[in-house]
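Shared chain: subunit A. Partners: subunit B in the first complex, subunit C in the second.
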Partner chain A sequence: MSIPNYLFPDILLLIFPFIVIGSRLFCSTQSKVPWRIANVGFIAIFILLNLIPLASGEGRLFISNWKIDDFGVLMREVLIISAILGMWLSKDYFEHSGERQQMHQIAEFIGAIAFATFGGFTVVSACDLLTFFLGLEMATIPMYALTAWNKKDQLGSEAATKYILMGSVATAFELFGFSYLYGFAGSLHFSEIQYAISNGTNPLLWVAVLFLFCGIGFKLTLFPFHTWAPDVYEGAPTPVTAVISVTSKATAIAFLVVLVFGPLAPIQEQIAPLIALLAGTTLFVGNLGALKQSRLRRFMAYSSIAQAGYIMVALLGPATMAKTAIIYYLFVYAVSNYLAFFVFGIIGHYREETFASLRGLSKQDVNLAIALAISMFSLAGIPPLAGFFGKFHLFFSGASTGHYAIVAFAVLNNVIALFYYIQLIKSAWVDEPEGNLSPIRLTKRQRNVVILLSVMVVALGILPFLSNNVFAGFSY
Partner chain B sequence: MINDITLSYLIFLLPLLTFVVNGLFLGNRNAKAAAAFAIACNGLAAASAITVAIHYFCSGYAPQKAIMFDYEFLPFAGSLVAKIGMLVDPLSIMMLVVVTFISFMVNIYSVGYMREDRAEGRFFSLLSLFSFSMLGLVAATNLFQMFIFWELVGVSSYLLIGFWYHKPSAVSASKQAFILTRFADSFFLLGIVLVSYVVGSFDFSTINALSLHAFQASTVNLGLCSVSSAEALFIGSVLIFTGGWGKSAMFPMHIWLPNAMEGPTPVSSIIHSATMVVAGVYLVARLFPFFAACGDTLTIVMWVGAFTMVFAAVIACTQKDIKRILAYSTLSQLGYMMFALGACKIHQVYAVTGWTASTFHIFTHAFFKCSLFLIAGSLIHQVHTNDLDAMGGLRKKMPITYICTLISVLAISGIPPFSGFFSKDEIILAAFQGHHYVVFAVALFTSGLTAFYMFRMFFLAFHGEPRHEGVKAGHVHEDFAMTLPIVVLAVPALLSGILGKGLFEKFFVPGQLHVPQLLKLAHAPWIPFAAIGVAAIAIAIAWFFYASPKAKVQRALDSTNRSGIYKVIYHKFYFDEMYYAVVRQFIFGGIARVSRAFNDYIIEGLLAFCVWFIHKLGDLVRTAQAGYLPFYLGTLIVGVLLWRFFGQLPL
Partner chain C sequence: METILFNQIWIIPLITVLACIPISASRAKLLRGIHTASASLVLAIVCFLTYRVYSMGAAPATDAANPLLLRFFIDIPWLSLFNAHYTVGADGLNMLLLALTAFIVWAGVLVSYNIKGNQKVFFALIQILATSVYGVYMSFDLVLFFVFYEMEALCMYLMIACYGSGRRDYGGKKLTLTLAFGSSMILATLFGLYFEGGVNSWSLMELSKVTFPMEFQMWAFPLMFMGFAVSSSLFPFHFWSPDGHSSAPTAVSMLAAGVMMKMGAYGCLRVAMFLMPEAAKFWLPYVVALLIFNVVLGPFIAIRHKDLKYITAYSSISHLGLIFLGLAAITPIGLRGASLQMISHGFLTGLFFATIGMIYERTHTRDITQMGGIMRKMPFLGVGFVLAGFAGLGLPGFSGFIAESTIFIGAFQQPSTLTRFVTILAILSITTTAVYILQTANRMLHGPLPQKYESLTDGCFREKLVIVVLVACLLFIGVCPGWISEMLDWSIAPIFEKFL
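Presenting the complex of A and B:
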């Protein structure tokens, strides 16, 4: 049996971690070979993904159980970008660092990221509940390990413990939900579940929906299942925090998109109030939490909780529009978030990762301060940066089905968000430093990545207007 | 290819170009280049305007209207479209020539006057902005365009009055001018809204062709009450006139104009005497058929104008600040123009003499008044004070200026064959023909006052013994860049009356009057003689008091030992003080304090509460994040229950 072209990236990603980890058996600890292989591999996968032509419609099926459609391909690109950036960000922590931050075994680290990424691939390709569940777990379990990667760090171990315990409960919720869904529909396959739902509902289905949303609420950090996020974001090493905040969140939102616009599509109207409530409370609590933080990674945790709320708003819209808005926003979110984490990481090499450490940054390294401002303004949604258009399309999607109340609430909340994002910029630009600042030195890779990401944040805001490829869903 | 259309574009675009280039590039770096560029561009604009005017009047097409270009700017609804265009008829062509020519002269003059100023570049840039705005105003094809440029001239006037922003008096004068004219403009805007709502168009051609009979039947809801459309149009016309009322500084909104003299003198000469302040008169002249159709509006116009005319002339007789004398004189002359327009109404019919006379007076007044202001600036530049106390005896030191001043002063006093005689004579004639005998008498009296205060100023400045140390020591000389425009302007001050009379009588009639016109009214041949006689007596009195060998100049200038009436007049009838009292007590002390309190306590209090509340909630979220795993696991269970009951799932 011949393997179709569009399957190459998936297969490559599946065998890729084994190659990277395996290569370490044959070379010394200091060898750069695994790192190079990892770079080549991820970039090759990204290029291959870009070569798959986007074709609208139902997508292509592989052995009736592995679906590749536009949404899937674009989500794969988001996940791969996240993996590449996470890998680049982590590199410095393996080379030189203080006592607390030093990490080892880069090959396994990259392998874990690759496995999590493949989990995300599985979620967007799944056509039945079993594959779906496997994908989600595969995306989550490496994250537990990554959180505790730094074995000497007690905070990291504590965070991983919390993460894995709460994650288990959430998985239990999900399995419970899946089993009821199976019980309701009598089949694991999405199309048959959808058919069953469109023929009528009963309480069994609603229990399933409730538990599925609560379970995924944990991974997407929806209120009140978000409590792990600040602790884990703070305890985990910075690159891991970045990966969790993007890959894990992207996988979780992909899970919801597949679910809501797949098997649950016939009852989207009925679950809209639940989605709106989840979105509203989450973004409100996230924003409130971020107001009062002084540590950067905790701050980013609440910020990403709020961002999850904003993304949820788009789920209220019609399928094509919601998917387009979410994909675009995830690109923007990934790039902006990684830019912030790169800046925090660079500062974190020399100082504590707190607001106070940012003081005087504009005088010390103005490029870094500009990059930080770009990233924060984009996350806050200030035009003409990408974040503004991303949020605009999310809200547009929500508003197009008439959920004006939640959209208005989200826009109002953006004011609070603007307040704390600008406070961070104020720390970097306005506040005077206390005492002498330790110097900040950027490696060539760090500088290049920061410049690349800054340009991308600006360009992503403008480019969609140049091609209507990404925004086909908005063309009417 | 250069045709009239290209030239008309040039008239607008050259000043705009100067504004942009000087404002952005040249102004701060090279003031000399900025000045040269401004003069070149404004000179070209003036040449273009004069060429277009000659073509227009020689083509045989005059006095019909033409629209040189027209762009849709804002489509509101249906036929209600705001356009930006250029209207050409005798009135607008005349204004185009006056504005560009005076602007050119003032730009040359400013080279000398502003030579030592550090912000010379900014000055030339703003001056061109004003020219551009004023040109847009006079060439407007519709009310909306007129309003846009109306506000733009207001802004440039504000910026130029406050040009020396380090002087507190200049800043407060600029604010006063802006706020007062804006106050009047808000009525103007209301009027535009009302009229365009009833008529359904902004175009002058449509509005001027109205006949009220068509509007008697329908009614308009004004919110508080319903009125018939005809009444609404009357209210609208009064509101629109209010805009001109403020801009032309008619009583009681006149106080900003004398205070605006705080600006540089070239600014006073172009904006506050020759061009911008006649915008109000221009507005009434432009909408004359509409105002005539609206019944009593013209009567209001006439009385407002007549009162301002005599009121300002009385004040001018006592002032000692040379620029303020000219400012009150400007007010008085604007009063002449305004009442001449109003005087066209004779019971229920209309004569056109007043309209012709008024536009004619705009034309002649622009030259001699601009010239007088430039002369005043020239004197101030030499003796470094505005005060007549410190002048005197300048005749020998500044002979060319002296002659030019004499020409202009004779022109404004209405002595033949100088230009002012012809236009003022026609205005007085119009009042007589309209059977407005009270106004006619007031106008004659005012022409005497005019001659008196102008010659008072003339004698005190140029004759007698020098009262200034610098003049006595012989430090006074004539500056070439400043004298040249004065001399050039003396030519039209002398000749524009004789040469313009035929042109104005032939072409300048308000178009589209629907009311039956009177037969040709009899010319009263004795009126010119009466006017000249009054003026001559006034000049003689002025000579007796201020220039005759027996005159006690020191005593004439002493303002301490005076009667009560003199003091009241000298203090401008305490109008400034009344304004300040009203503003301080009523607006600052009353309304402003109440709204401040509302803002401070209610709005800011609400906001502060919101901020406090949000921060408290933030603290709550933070406290909940205690780090206890059992609590976290509990939230999972609570979450499921929470969404079970509040998730609105049909469970």
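Presenting the complex of A and C:
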């Protein structure tokens, strides 16, 4: 394929949500046709992405404002995997929620996810501030709508309001940062900004950097901008929470990667203390916050805040190593997180989503309890599960430039993390249930997905052909 | 051929777990049979390979393994992103520890036949735990080593919290988190070793050829040493082990005290001291001071305890203190004694916990004040317990005597006054050990038999087999220690050379 052909996945992703939404006009409320179209579409995009050969440099299109490089391709794969899993998770939500069948609504739902994913595509391909900003907003705005999906749900509406307010402030911060960056460099284009920065800095630039980090801090749930996350995670429907925790986080971290190793590359050394500070405080606060939670989704919110802190550690390393580490970690994080959310979704369908309702799970359905333990241990970074190797990459990248102190701090924090993940495992495995448990029944599809994800979490780390051949042989 | 067989040691347990997935949990008998067969197979393989290593003697090994004399050496690139290799091999020390592990795992599987709860999951967890311990003693690549080392955390909590007794959740959490704390210190140091070493390799052999800068060693060695010492319950990191061991099911206590606590001491010797000898010379005298608590106070605490498992746990703490005394002596005899003690204490504590578990299964209490006259009803188990106790207090003829006396000789060779002082204290503390062991045996086994224990029965064939085999091992090491010290000597020589 030549370079313009590499655009196929992007174009397809832009077109097919319209087909999915449009197809709803022609089918009944019970119809699964939109869902099937969406499945075919996403999987086709995933396959097309895999056809793009890696390590062949980068291609630029549209007056060199749109680039396709290895980082972009792999980030696209992460985003698409997240979208596919989010879609599968949402099917349970629509099939089983309430008495009224809402299957047809899934079309709009998937459309929103697809647009958010396209926003992520734009962020990783952008070469100038304008496209960059468009991508970030495109990735965020569908999330607002998705959070408030169930309009009769008070918690959801509250969460969405909070999310929109916080998000718009963050956007304002970012735009302000962009404007100063433009004022400093006199151009919107990344390469020219980079050139200007390498020729010298001035206070204007530092203001811009500070505001950019504040803005993205909101989206990446970095301390002290993380406060919206627990409420939004709890208020939103389960599949939306999962999508927010993976797609939106992946987009935000891609934004930072593009920024730090693109236009800001000449001053990476100087902003390293800022990154280290954000990373350290974020993972510490996230870990402390998760300790005392009793509701599953608030717990996952704090856990994913902490994960954002771990990812930030990798940004301290050299470009290639950091990008590899972050992409690999995002793969692992997506799979582990979705596995947890699938289990929570199944339980949430029968009971409340609290620690207490996990009790007796190991006696009711031991396979589900094993899957839960696998995902939790993976998030906690226990080998030989994938989470360990992901974190190992991140710390390796951070330590390679000699930032031993922050790496040691992050590693020690992992012990706190292990404590609260064990708390959750304890609820499922050790605690005796109170009273009679409502039975848990898994559909065949749910069981298959849970098994698939569990196997992936186990195998992604130890099997070298997965982590090596995908990642090792290419350049950025 | 032997190399392939060697790699099967950690693969067979995993295959067993996979093979058992389709079997329904209700067919407990079949599951137990499969796991017993697999553990026995591994035991047979390990015994054969130990014999092979012994018969090869100190013959030179492949150049790739230089400076260590590794048999069955394999080095395959594994995760090329950070140059991790699959590097396994074994010299005398590793092979003996592997043999110890195989015996304890085999015994652990046999004593867990009556465990309550989901047996399918329990045996799978035991096999995964076994894999992790085997892996630690086989790997010579630091990433591989750490992966196996940390894997234990995966199983330990679930096994203790779901299948244990007493304050099992508390004990399990305490154990898992303290061990994770230790291994996080190790992980932080590993990154330092890799990047300061500058050879782009995690291989122990490659890194041992590098002389690390002194200022790096000065902070890295204590961090790593302490990280390993946590799992060997060196004071002040010993607090997890009594609670953890006492709440764990029998097989897990055996594995944890018998082989996993040795992983820490092994790591101190093989990784920390081997790679950073200069800092080791500086810091180890301070470690000796800490040992006073382990070696001297451990037995005193054991005297005051009423719970059998607590008594054994504190006795383990004091015995592991002796291992560190041998390591801190930095003399060839001291190091040999330390390694001997690792192996001897593994069998000894395995036997201890096995008999305690069997007795507990019958009496449903571990409080020695409530027991009495058990010898009349369970002579076999009683004798097993007494023999374990005799080995523990260092009676000549058992392995404990050989190991401890070697350590004392080695430690006394060290000219420092502090080391000699601690050695004398340690020798005297054997009396304390004798006090608590004889006192426990007396209260538990003799005296009037409580009414409720009238109907108790002695061990069945399976249980007797475990006791006989473990006692035989203890006696074998005690009566002919020559071949073991020979294997240990040529294995430790390259490590000691770094200190010259």
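One rule holds for everything that comes next: the second predicted complex is superposed on the first by the 448 of 476 C-alpha atoms of A that agree within 3 Å, B and C clash if a C-alpha of one lies under 4 Å from a C-alpha of the other, contacts with A are read in each partner's own complex, and residues count from 1 in each chain.
Heads up, the rule we're going with is that contacts are C-beta pairs under 8 Å (C-beta built on N, C-alpha and C of every residue); 3 or more make two chains touch, one makes a residue touch a chain.
What you see is a predicted model; the values in this text were computed from it and never measured.
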If we overlay the two complexes on their shared chain A, which of subunit B and subunit C does A:Thr227 touch? Say first, second, both or neither.
first
Subunit B versus subunit C as contact partner of A:Phe377, first or second or both or neither
second
In the superposed arrangement, does A:Ser28 touch subunit B (first), subunit C (second), both or neither?
neither
Which superposed partner A:Ile425 touches (first subunit B, second subunit C, both, neither):
second
Looking at the overlay, what does A:Val366 touch: subunit B (first), subunit C (second), both, or neither?
second
Taking the two structures together, which residues of subunit A meet both subunit B and subunit C?
none
Which of the residues in subunit A end up touching subunit B in this complex?
161-162, 165-166, 169-170, 173, 201, 203, 206-207, 209-211, 213-214, 217-218, 223-225, 227-228, 230-231, 270-271, 273-274, 277-278, 285, 288-289, 291-293, 416
What does subunit B use to touch subunit A in their complex?
614-615, 617-622, 624-625, 627, 629, 631-633, 635-636, 638-640, 642-644, 646-651
Once bound in the complex, which stretches of subunit A touch subunit C?
324, 328, 362, 366, 370, 373, 377, 382-385, 388-389, 392-393, 395-396, 399-400, 402, 404, 407-408, 411-412, 414-415, 418-419, 422, 425-426, 429-430, 464, 467-468, 471-472
Contact set on subunit C toward subunit A in their complex:
25, 77-82, 118, 121, 143, 146-148, 150-151, 153-154, 157-158, 161-162, 168-169, 173, 176-177, 180-181, 184-185, 187-188, 191-192, 194-195
